[in-house]
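First chain A sits with chain B, and in the next complex the same chain sits with chain C.
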Partner chain A sequence: MNAFKLAASVAVMAWASAAHSAETLTMWYHGAGNEVESKIINQIITDFNGSQSDWKVELQSFPQAAYNDSVVAGALAGNLPDILDVDGPNMPNWAWAGYMQPLKIDETKIANFLPGTKGVWNGQLYSIGLWDAAVALVTRKSTLEELKLRTPTVDAPWTKDEFMAALDAAKASGKWEYALDLGTAWTGEWYPYAFSPFLQSFGGDIVDRSTYKTAEGALNGDAALAFGEWWQGLFKNGYAQATQDPADRDGGFAAGKYAFSWNGNWAALGALSAFEDTVFLPAPDFGNGPKIGAASWQFGVSANSKHPEGAAAFIEFALQDKYLADFSNGIGLIPATPTAAAMVDNYKEGGPLAVFADYSNKSGLVRPVTPGYLVQAKVFEKAAADIANGADVAATLDAAVDEINADIEKNNGYGH
Partner chain B sequence: MASRFTVSNRTGWLMAGPAVLLIAGFVILPFLLAVGLSFTNQRLVSPNPTEFVGLANYNQLLDLALLTVEPLKDDAGQTVLKDGVPEYPPIRSLTRNNPDRPDLNGMREWFSFSSGGDARLVVLARDVVFMKAIVNTFTFVIVVAPVQAGLALCLALLINQRLKGINIFRAIYFMPVVVSIVVVSLLWRLIYDGQSGLLNNLLGTLSFGMIPPIDWLGNPSTALGSIIAMSIWQAVGFHMVIWLSGLQTISPTLYEAAAIEGASKWQVFRYITWPGLRNTAVLILIVITMQAFGLFAQIDVMTNGGPLDSTHTIVFQAIERGYGKQDISGGSTISVILFVIVLSISLIQRWLTREKS
Partner chain C sequence: MALISPDNRGLRLATRYAVLVLIAVIFIFPLVFMLMSSLKPDQQLLLDSGSLRAFMPVGDISLENYSAAFRRAPVATFIFNSVLVTGITVVLSLAICSAAGFAFVFVNWKGRGVMLSILLATLIIPFETTAIPLLLLASKLPWIGLDGITWGWLNSYRVQIVPFIADGLTIYLFVQYFKDLPHELVEAARVEGASWPQIYRKIVMPLSGPILATAAILKFLVMYNQYLWPLMVTQEEGYRPVMVGLQYFFQLNVAWGEVMAYLSMITVPVLAFYLYLQKAFIASIASTGVKG
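Let's look at the complex of A and B:
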């Protein structure tokens, strides 16, 4: 009898909790195929589902190369998940196109986040990143000593002249095949991400950020022309390669082919394991301060989500320092907060990669925050590649400006 | 009789049905959509409503203008010379924000030539990249069509013999065709590598280091040629098989008769083999031409249209614009232009190779 009562009450309780069943939230993520990344994101979801009974998050992972296409296709078919994962510079395009809605989370929770992790469009927060990425000038301490170069810091970076003198010294020594590895083998987003900050340090930009309605003057003004001439000179004068073997990009620095390498924090551990005395120098200052690209993958809420408050609750839950630290430990990214960084061996004070967080904080600049960035990035990539291959600088930049302006006009100003 | 006709007609439609539906759904309908979209400003992703824009997309792609440029004159009215040749003002100073010629705004120099005297005639295009893509595509077709067809015929003649193990040779020649073009392109990117590529190593060894390494895909003057050579190699086996099937339909009695008559090898080829292959030749020419106009995968994998636009092609442009830059109307316009080009060339080929009665 007692046994029966117990069974009955268990059954009733089970029924009760089923009646109060959690609403399902779907989530898309770009990291399919990466085991470590999948493990961390799955851990966050399990923890979140266990921590409350209102929401249940279900994950669907896509390979990174197919992710953006899947979201566009999903949006056209009216079939987006509640929680979206978005690459920082793409966010304004998706927000403008109506795929995403503003993210309602407690502002105080992200007060100490790195600036590049906050996806703000039209004055509203749409997405937030658990990490950021940064680029540095990778070289060896022994190289600096051998070439008798001053070690730059983010507060006193190399000037253009110092940087060119360093390349000259490396080239003159004859010890390396090329003085500088820029990563020209990585076509695609790498060009605007890694090279447009040079242009911004010269004082130019891909588009005029005061209005976002034209590129005239920003991409073909005096500063941009100076950038173009300098950029072309890197290749014409034999400091760097306009076309690079992808294998050299991956292993060239470790093989001693290059004195300096312009590369991201994700490649830093590899460089450190090749040479113990690897150092990560800040970007040179070409007149307007050192600049590097900011913003990586971030989380946001899709526009047609029926439960934006649930999606926001999950994102807020994921912003805990321990998860930030997990991602950093797992895949080497820069944790978004200093407190999380302190929990990661590589990024804690005095850690081998701690400088990256500093560079991201002090010289990180997000790519133009406009829905037109998608096209502008491609136009900039083509212009940079053409100039590297010897095209006329002024004519190429003018053509790029014309194409960007025509696109902005065709889109009625992209809502700016 | 009538009922039998309708019954077999129904069976016929039933058999053709799946193919007709698929072709209608995936070829004809998208094509009609493309024609429609090319007159609008449709975007892949946009909250803005689609508007009818007439021929603006065609104008943007195809607009050309001719400009006569006089050399720079100094204050005394003398032509300024630089290294012994007259110096000209930069074209951008004439096209950009020029109050006299607002119609030239946004146009760029495509090419220029001397018109006798000091003045230079400059051909301006509103979309120079697309013009280069058209020229590159035509270059590709004009080289690939005859060379690939000719090589395939030679191979077909070679393997059309009763020898031991001839099937091995047939398989070897045919192998590149069954490998995905993306894989082939990746492999050839390694072969063409500027420093340690197979081709450079081979040339270096054969010439005892006399030939320096060439950056085949990174140099504007060799990039398109490299892609042409690789494309010919990749698809030659396919056309070889078609030639071979043509060769095997020629009646052996004709060859026997020729042997009895004492015809030379050349005479046999000229008067028996070649006339017997006439229909095959027409087919192969049209197929190669149509395939060559669709050049895309090699470009996408190997060069992305670079360096300096030397390998941009029409189809690559259509996809780059329509999908990469989210400009569906621009991409559709390019597809329609390509359709008109291929259709006219096929009609011309049909007319040239018609049965003369």
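Let's look at the complex of A and C:
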């Protein structure tokens, strides 16, 4: 009898123990190879795992350049994790393709987040970012003084004429190899992220956002043609390089090759260390307000997850200001909330990078929120590169429109 | 018509050597650039890249990029994985493909001509076209291991090895080489009562050193440079090979010195393997006319 009681007790204890053991949640992250990022994300996971006993997050990191392909392969093989991170503009495609499910978190907790950090598709939140990125026109105070240029602000940015006059002055001075570093060496997403806001400031767009069913008129209308002519002129008239050595992109501004550099806030600390008087100017206004790209990496829940509530609990846990501040301190990006920004020396009021938060808030525009963006981004990149290299503007934009429209049609409108 | 004299023979020799040296320099410069750059800090590397200093160990030289590369990524794991996967695949490939080539050339069986044609036709199919069906298959295959039967081969060494053991090109190389071997040897062995496996093992393979070296080097290069397939099938860092590992170094601001240090380290096994087999490789090219 005693033996029976003992066995029963052991069985009950084993059951109780099993009942309380934490469910494992797998997570994929794009930061492999980035020591700082890995350290922070691992810290968040350790803190989360230690803060409760229901869930245990396990991380697999991927190198950023290979991340999207890995997720697509994982989705094909039915092998996605519970939690994944996604580059903002890709989210609608992954949601539409069935890789992700809506993110069920307490939305009051993200009420003060920067708009670009919220990944919304079809009226539902799918992903949320701990930071955003922003682009600025990097130059030196001494350059502005030497060329006798007005210092623009996001509320009073340079007009197109002022911007071109600044480039003319830099070119005429003969002090720099090129007036403007656009970063054409960075192919891929840099093109739509950094250059399509110029098009949008002209009044055009990659696709017609009112329906998302055509690019006709948006990418080949009068505004887009004006953008194309202006864009081509930058290279034809020797202000910038259509083909750039990656080494020049990385070190050209610091080496004094360029008067102005169109670059992201992730490169801002490097520019400041090269020149103490580095300043970050807002995007020029080409007629429809200054525009810069918004939305960076965000966290979401995969459609495969059997524990979406656990995945959402982790994401909600990661949204604490202290983690937003840690990421910002570590990788230089803009904290998603003003309260977190106040905790970061670079972004607090008067901080050297605080202007980026202002630019993101006031001129940030998310890339087209459509599953078709993946194709549209590539088409835009090709068109921008072709035009930069001398292709006929109208014909190139018409061809781009045809390609985008054919893709939308092939995919039955991508659910719009 | 120019007269041949000791004088102009020397000149021709000098010219020939000058051309060979020039070609050698052109081929060796990228390696020298890589090695020298791996010793320099990023800023100096970028500044030097526009001049001959890029090929010289000048300036602020150190091994810092190497230690930084180890801090950034599990380099030793990546190299180990690549060497393991490549080594096993090469060995199995030589065994299987040579046996297949032997069967095509020496064994008389119905339909071998058609089979060889089909095999050769596979040479024109790029791997990218079969990658996705192969991924779907690999994700569902069973495996019997210590844990019993498990389903799915993802995140394993076998998924990186098995699909590449046999391929049309390697079999074709063996077929071509075996065709040139004296068939009288095989016929004599058959008359003496030797079995096919015995002939394969004791007569044909001992004569196949050059083609084994060629096939080994070609397979080694293909396997060591694998990127797409391991990227698709290895979500766990512990199974990733060197080429996927290279992506760890391409962050938003690329640390070029570390990239060069990593490339220098992962190039060592390739050079060592080639140098080990180069005599047999050259002999094979000379005897079969195969362009490696």
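The rule is short, and it goes like this: the second predicted complex is superposed on the first by the 397 of 416 C-alpha atoms of A that agree within 3 Å, B and C clash if a C-alpha of one lies under 4 Å from a C-alpha of the other, contacts with A are read in each partner's own complex, and residues count from 1 in each chain.
Keep in mind that, in the parts below, a contact is a pair of C-beta atoms (placed from the backbone, for glycine too) under 8 Å apart; a residue touches a chain by one contact, two chains touch by 3 or more.
Note that the coordinates shown come from a computational prediction; the quantities given were computed from them, not determined experimentally.
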#### Entry: Touched partner set for A:G238, first chain B, second chain C, both or neither
neither
### Query
First (chain B), second (chain C), both or neither: which does A:G78 touch?
second
### Message
One more residue to check, A:A391. First (chain B), second (chain C), both or neither?
### Response
first
#### Entry: chain B versus chain C as contact partner of A:G287, first or second or both or neither
neither
### Task
In the overlay, answer first, second, both or neither for which of chain B and chain C A:G33 touches.
second
### Task
In the overlay, answer first, second, both or neither for which of chain B and chain C A:G256 touches.
neither
### Message
Please report the chain A residues shared by its interface with chain B and its interface with chain C.
### Response
none
### Query
In their shared complex, at which residues does chain C touch chain A?
42-43, 46-47, 49, 71-73, 132, 135-136, 138-139, 152, 154, 231-233, 235-237, 244-245, 247-254, 256
### Query
Of all residues in chain A, which touch chain B in the complex?
72, 75, 93, 96-98, 187, 242-243, 245, 248, 374-375, 378, 382, 385-386, 389-391, 394-395, 398-399, 402, 406-407, 410-412, 415
### Task
Using the touch rule from the top, collect the residues of chain A that touch chain C in their complex.
28, 32-35, 60-66, 69-70, 73-74, 76-79, 246-247, 250-251, 254-255, 264, 266-267, 270
### Message
Touching residues of chain B toward chain A in the complex: what are they?
### Response
41, 43-48, 60, 90-92, 96, 106, 108-109, 128, 193-196, 215, 217-218, 220, 304, 306-309, 320, 324-327
